[in-house]
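Before any comments, here is the structure.
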Amino acid sequence: MKKQEIQKKNLSKPRYHMADNISGWGFIGVAVAVFVIFTLYPVISAVITSFQEYKPFGSEFVGFENYITALGNDLFWKSIKNTLVYTVVVIPLSLILSFSIAIMIVPFTKSVQSVFKGIYYLPGIASGVAISVVWLWLYDASPNGIFNRVLALFGATSQNWLSSSKTAMLSLIIMALLSSHGANIIIYIAALHGIDNTYYEAAEMDGAKFFQKIRYIVLPMCRPTTLFLLVTGVIGSFQVFMNAYMMTGGGPDNNTTMIGLLIFNNAFTYGKYGLACAQAILLAIVIAALTTLQFKLMGEDIEY
Amino acid sequence: MATGLYSQHLHNRSIFYIRNSLIAVFLIAFAAVSLFPIVYMFAWSFGPAIESASTSYNIFPGRWSLDSYKAFISFSNYSLKWIWNSIIVATFTVLGNVIFAGMAGYAFSKIKFRGRSFLFFVILLSMMIPYQVTQVPLYILIVKNFHMTNTYPALILPGMCTAYNIFMAKQFFQGIPTALIESAKIEGCSQLMIFNKIILPLSKTILSVMAINTFLNSWNTFFWPFLVTSKEEMYTIQVGLKTFKFANGSLLSPMMAGACISVIPMFVLFFSLQKYFLEGVTVGAVKG
Amino acid sequence: MKVKKVLASVLSVAMISSLVACGNAATETQTAGSEPQQAETKTEEAKAEETAAASDVTDTITIMVPPITGDYVDLLGGWISEFNKEYPNITIDVISTSWDDHTEKLTTMALAGEAPDIAEVSYAAIGSYVENGTAIDISKYIDPERLSDYDQNALDYMTLEGTLYGLPLYITIQALGGNREMLEAAGADVTKIQTSGWTYDQFLDVIKNGTTSDRFGFVFANAGATTQDFINIFGVSAGITSSFTQDLKYSYTSDNMLSLLEAVETMTSSGYMPNYAVEAGQRLVMLQTGQTMLTGKAMPLFENNIKRNIEKMQAKDPEAVEGTIEMEYVFLPVPTMDNATASVFGTVDGMIALRNNNTTDEHLQNVLKFMDFLCSGERAATVDNAVYLTGVCESARKAQESFELDQSDENAAAVAYAISKVVAPPTGISAEQSANAKTMMDETIVPKFQALLAGETTAKDVYDAICTEAYKLFGEENCASGWIK
C-alpha cells in the first residue's frame, strides 16, 4: 500500500479502498458464508412462513392474518409485559453484579484470581437438565423445602414460591441472578485487564480516588463490553422460555408466561407454526427497537 | 494489569490487608450462595442408583456411594462416547468461532470495506429471531437437503460462527488503537500480517474468553443435537442425560453423576486457559 | 504452575487427536449416512417399475418412540426381529426419544416434511398433526378384520371428525390412591368404594376425618404443569369427561365447571389439603411415609412402587424412602358430584401414521402391518402389564392371561370398575376444535386454576374468565351452558 493513499484516506470520511474491500471481504468470507446458510436462510424462511398458514405439504398464503391474530391476543401483550419486567430487573442487576464482582476480584494475586473465577464460573458450567431439577427442590413449597427452611431459620413464614402470583416471577428472577453471571464476570475481567496502568497512574497524579477512577476510567473504557453484554443480554432475556416451561408452566394466572413460551407452544403444541413465526417477528421488532435505543443511550454511533 | 485501579496503600500495609480480606469475605459469601445448587448436585451424585419419583429434602444423601457413577457408565453402552462426542463437537465449534468470528470481528471493527455497516446490521438483526421458529427450516436444510442426520457436521456447522461471537470480537477489537494498525500499514504490512503479528498477540485474553464461553454453550446445548441424532452412539452428553428421565420418575442420582462427570472437561479447559485470561494486554504494546 | 502446564499440554494433545479422529469419523459417518439414502431412492424407483409384485419389494419404516416403559427400546429390538421373520423385506429404523422432548422433536420433523412413519402420541396431540396435514387416515390401509381386535372405546380416542388416525396402544386411568388402614379408620368402606364409587360428600367427610395434626387427609400434586391433572381428574368428578360434549359444544363453560371450581375452593381452604403447591414426586413420598391418607393423581402401578419400597425398608436397605411405614395401597375411583354420572378419567396413548416424502399407498400398507403388530398381542400386553392395566384389544388381553401381576384382588377389581367407567371423547371433534381446546387449557384454564389453588382468586372469577376466553375462541353458540350430563 502506498503512503499517499493512506494520507488521502485519513483526510476523507467514509471512502472505501479497493484493498480494504478485498481484505475486508476476505476476512469475513467464511463467517458470512456460514451465516447466510445456517442463520439467514432459516430467518428468511421464518419470515415467509409468518405470512402463511403453514403445512408441510401445501402451505397457504394468508397475508397479515397471523399478525392480526397475534396482536389481537391479550395474552400476547401480557407475555410481552412479563418478559419486559423480567428483562428490566434481571439484565441491569446481573450486569451490576458481574461488574462489581469483576472489580472485586482484580486486586488479588493471580492464583487467588484464578480460584475465584473458577468458583464463579462453575454455576454456568453445570448442565441445564440436572440444575433445573435441583432448583425445583430448592423452591419446593412445603415447609420442608430448602428455601422455606432457610426462611424458618429467620422466623419467616413459608412461601409458596413458584405457585403464588406474588413470588413466582421473583423466584425466576432470583434463579436467573444466581446462575447466569459466570460468563459475564469472565468477560468483564478480560476488559479490566485491557485497561493500561498508565491511565491509573496519570489519574493518581491528579489525585483521583478509587471511585473517581471507576467513574472516569473504568466505566468509559469498559463501555464497548457493557454495550455488548447489555445488547446480547436483552436479546437472550427476551427469548427466554425454559424457566417458565420447566418451573411454572406460565402460571399462576399467566404471571410468568414469557413470550418465548407462547411461541414455543404455538409452534410445537397447537400446530400453529405460521402464528408462531408472526409472533417471533413481532418479538424481533420489539428487540430491535430496544437494541437501537441501547446503542443510542450508550453513545455509540449507529453506523451499522 | 489492572492493579493500578486500587491504591496499594504503600504507606500502610495493614489497611491494604484489611481491605483485601473484607473483599475476600464478601466474595466467598456470595460464591457460597450461588454455588449452592452445584453442591447439592454434587452431593446427590453419590446417592443411590435407584429410580425415584423424588428425593428427600436432605442436602446430603443418607449413604454415600459410587453406585450412581457406575450406573451412569453402565446405563448405556455409549455413556462415555456421549462425552467424547460432546468434546469433539465443542472443540470444533470453538475452533470455528475463534478463527472465523475472530477474523470477522476484526474486519467489522478495523477494516473499512463496502457493505460493512449493512452486513453487521443484518447479523445483529438475525440474533433477534428466537430459535424456536428457525429450527424447522434449519432442520429441513441439514436433514432433507444435506442428508446429515447422525453426523458430526450436522452438530457442528450451524454453530460454527455465531453472531454473538462476531459481535463480541468486534466490541473488543474496537478498543485497539487504530493508530497501531495505520502505522503497520505504513510499514507495508498486509491486513493478514497485521492480524497475525499485531492483533492476535494482543487478543489472547478475548479469544480465550470466547473459547471458554463457546465451549460452555456448545457443551450445554440440548435441543439441536437431540433433533439431528437418532442413534445413541451419536448423542451428546446433554441428550444422553435426558434419557435418565422416565414417565413416572427419574434415575436422579445417576443423572447428577452424569452431570458431574460432564463438568470435568469444562474444568480442564477452564484452568488451562486461565493463563491467558490473566495475561491481558501487555503493557506498552497498545500505546501506539 | 507446573500442574497447569501439564493440564494445558494434555488438553492440546486431546484436542489434536480429536481433530484427527473426528475428521475420519465424520467422513465415515457421513458416507455411511448417505448410503441408505441412496438405497431408499433406488427402492422408490424399483417400486415405480413393479407396483404389482409388492411382497418382493424392500421397504424401510421409521418409528419414533419415547421410553414407554423403561426398557421399551430394547424390547422393540426383539419384536422387530420377530416381525422380520414374517416380513424379511421390511427394515425398521427406530428413533428413540426422551419423554420431555418427544413432542417437540416429532413436530419439528413433521413440519419439515420428514416425519417418521409411525410415532407414539397421546390421543390429545393428534389434532395438531391433523391440522398441519401430516396425520393419515389409517382405516384404508389396515385389514378390517385386524381392526375388529381393538376395543371401539379405545379406537374412539384415536378418532377425530369420524376419521381414524392411529391404533391405541394402552389406556391409563388416573384417579386416587390411599392407605387402606387410615381410610377405614376415617370411616370409608374401601372395598365398596373400589367397586361402586362414592359421592363427593362422602369424600369430603373421609378426608376431614383422616386429617390429623401430622398428616393431611388428601394431597394432590398440583405444582406447575401438573395442575392439568387436577382439572382432568376432578373434571370427570363433576361430569366433564372431555373438552367437548356429545353435541360437540365446549364443555368447560358449563355449570359443571363452576361447581367443580367451587368444590376446589372448598377443598383448598378446608385445611384437609396442603395450602401450598406439591411437586409431582412428593405425593408418593408423602403417602409412603404416612404424611397423607389419600393422594392423587394415582395410578394402579403405584401398588408395585409401594410394595418394593416396604420390602426395602424391612430389609433395612438404606435406599428405602426415609420414614417409610407399612401400608396397603388401595386404588380408588374419584368421587362423583351431585347430578353427575360416575366416571373415571382415562387417557389413551397410541401409534399414529404420519406423512413424509416417502409416503405411498403401498408403503402405508407395510406401515400399518408393523403398527398393528406393535399395538396388539404380546407386544401390547407387555406395556399393559408394566402399567398394571388391562389391554385395549382382545389379543393383548389374551396374552395377558398367562402373566401374573403382583396386584391385590381388590385393586384388580377397582381397576376393572374404573376402566368400565372411562368415557371416550365424542368422535366428531374437528382438528381445529381439538387444537383450540389445548390452547384454552394451557393459556387460560391451567393458569387461572393455579391462581385458585394459591387462594388468589375466587371460583366465580375463574369461571367468568374461562367463559370470556372460550366465547372468543369458539363463539358463544359453540360453548355449553347449563348443566351437562
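Lettered A, B and C in written order, each chain numbered from 1.
In this section, a residue touches a chain if its C-beta (ideal position, glycine included) is under 8 Å from a C-beta of that chain, and two chains touch if they have at least 3 such contacts.
None of the values given here were measured: they were computed from a predicted structure.
When every pair of chains is scored by its C-beta contact pairs, the maximum goes to A-B.
Of all chains, the one whose Cα centroid sits at the greatest distance from that of chain A is C. The distance from the centre of chain A to the centre of chain B, with each centre set as the mean of the Cα atoms, comes to 15 Å. Centre-to-centre separation between chain B and chain C, using Cα means, comes to 37 Å.
Multi-chain contact residues of chain B, defined as those touching 2 or more other chains: 55, 135-136, 222, 242, 245, 271, 274.
Listed for chain A are residues 140, 264, 267-268, 273, each touching two or more other chains. Residue positions of chain C touching 2 or more other chains: 104, 108, 111-113, 279, 282. Interface of chain B with chain C (complex): residues 48, 50-56, 58, 62-63, 87-88, 91-92, 135-136, 139-140, 143-144, 147-153, 222-223, 226-227, 230, 232, 234, 239, 242-243, 245-249, 268-269, 271-272, 274-275. Looking at the complex, you find that chain A touches chain B at residues 1, 3, 6, 10, 14-17, 19-21, 23-28, 30-32, 34-35, 37-43, 45-46, 49, 101, 103-108, 110, 112-114, 116-131, 133-135, 137-138, 140, 144-146, 149, 178-179, 181, 183, 186-187, 189-201, 204, 210, 213-214, 217-218, 221, 224-225, 227-228, 231-232, 235, 238-239, 241, 260, 263-264, 267-268, 273, 276-277, 280-281, 283-284, 287-288, 291, 303-304. For chain B in complex with chain A, the residues that touch the partner chain are 1-7, 19-20, 23-24, 26-27, 30-31, 33-38, 40-41, 55, 57, 59, 96, 100-101, 103-104, 106-108, 111-114, 116-138, 141, 157-158, 160-161, 163-164, 166-168, 171-172, 174-175, 182, 185-186, 188, 190-192, 195, 205-206, 209, 212-213, 216, 219-220, 222, 237-238, 241-242, 245, 250, 252, 255-256, 258-259, 262-263, 266-267, 270-271, 274, 277-281, 283, 286-287.
Interface residues of chain C facing chain B in the complex, by the touch rule stated above, are 4, 7-8, 10-12, 14-15, 18-19, 21-22, 25-26, 29-30, 33-34, 37, 66-68, 70, 93, 95-101, 104-105, 108-109, 111-114, 279-282, 284-285, 299, 301, 305, 318-319, 321-322, 357.
Contact residues on chain A toward chain C in their complex (touch as defined above): 54-58, 75, 136, 140-142, 158, 160, 162-165, 247-255, 257, 262, 264-265, 267-273.
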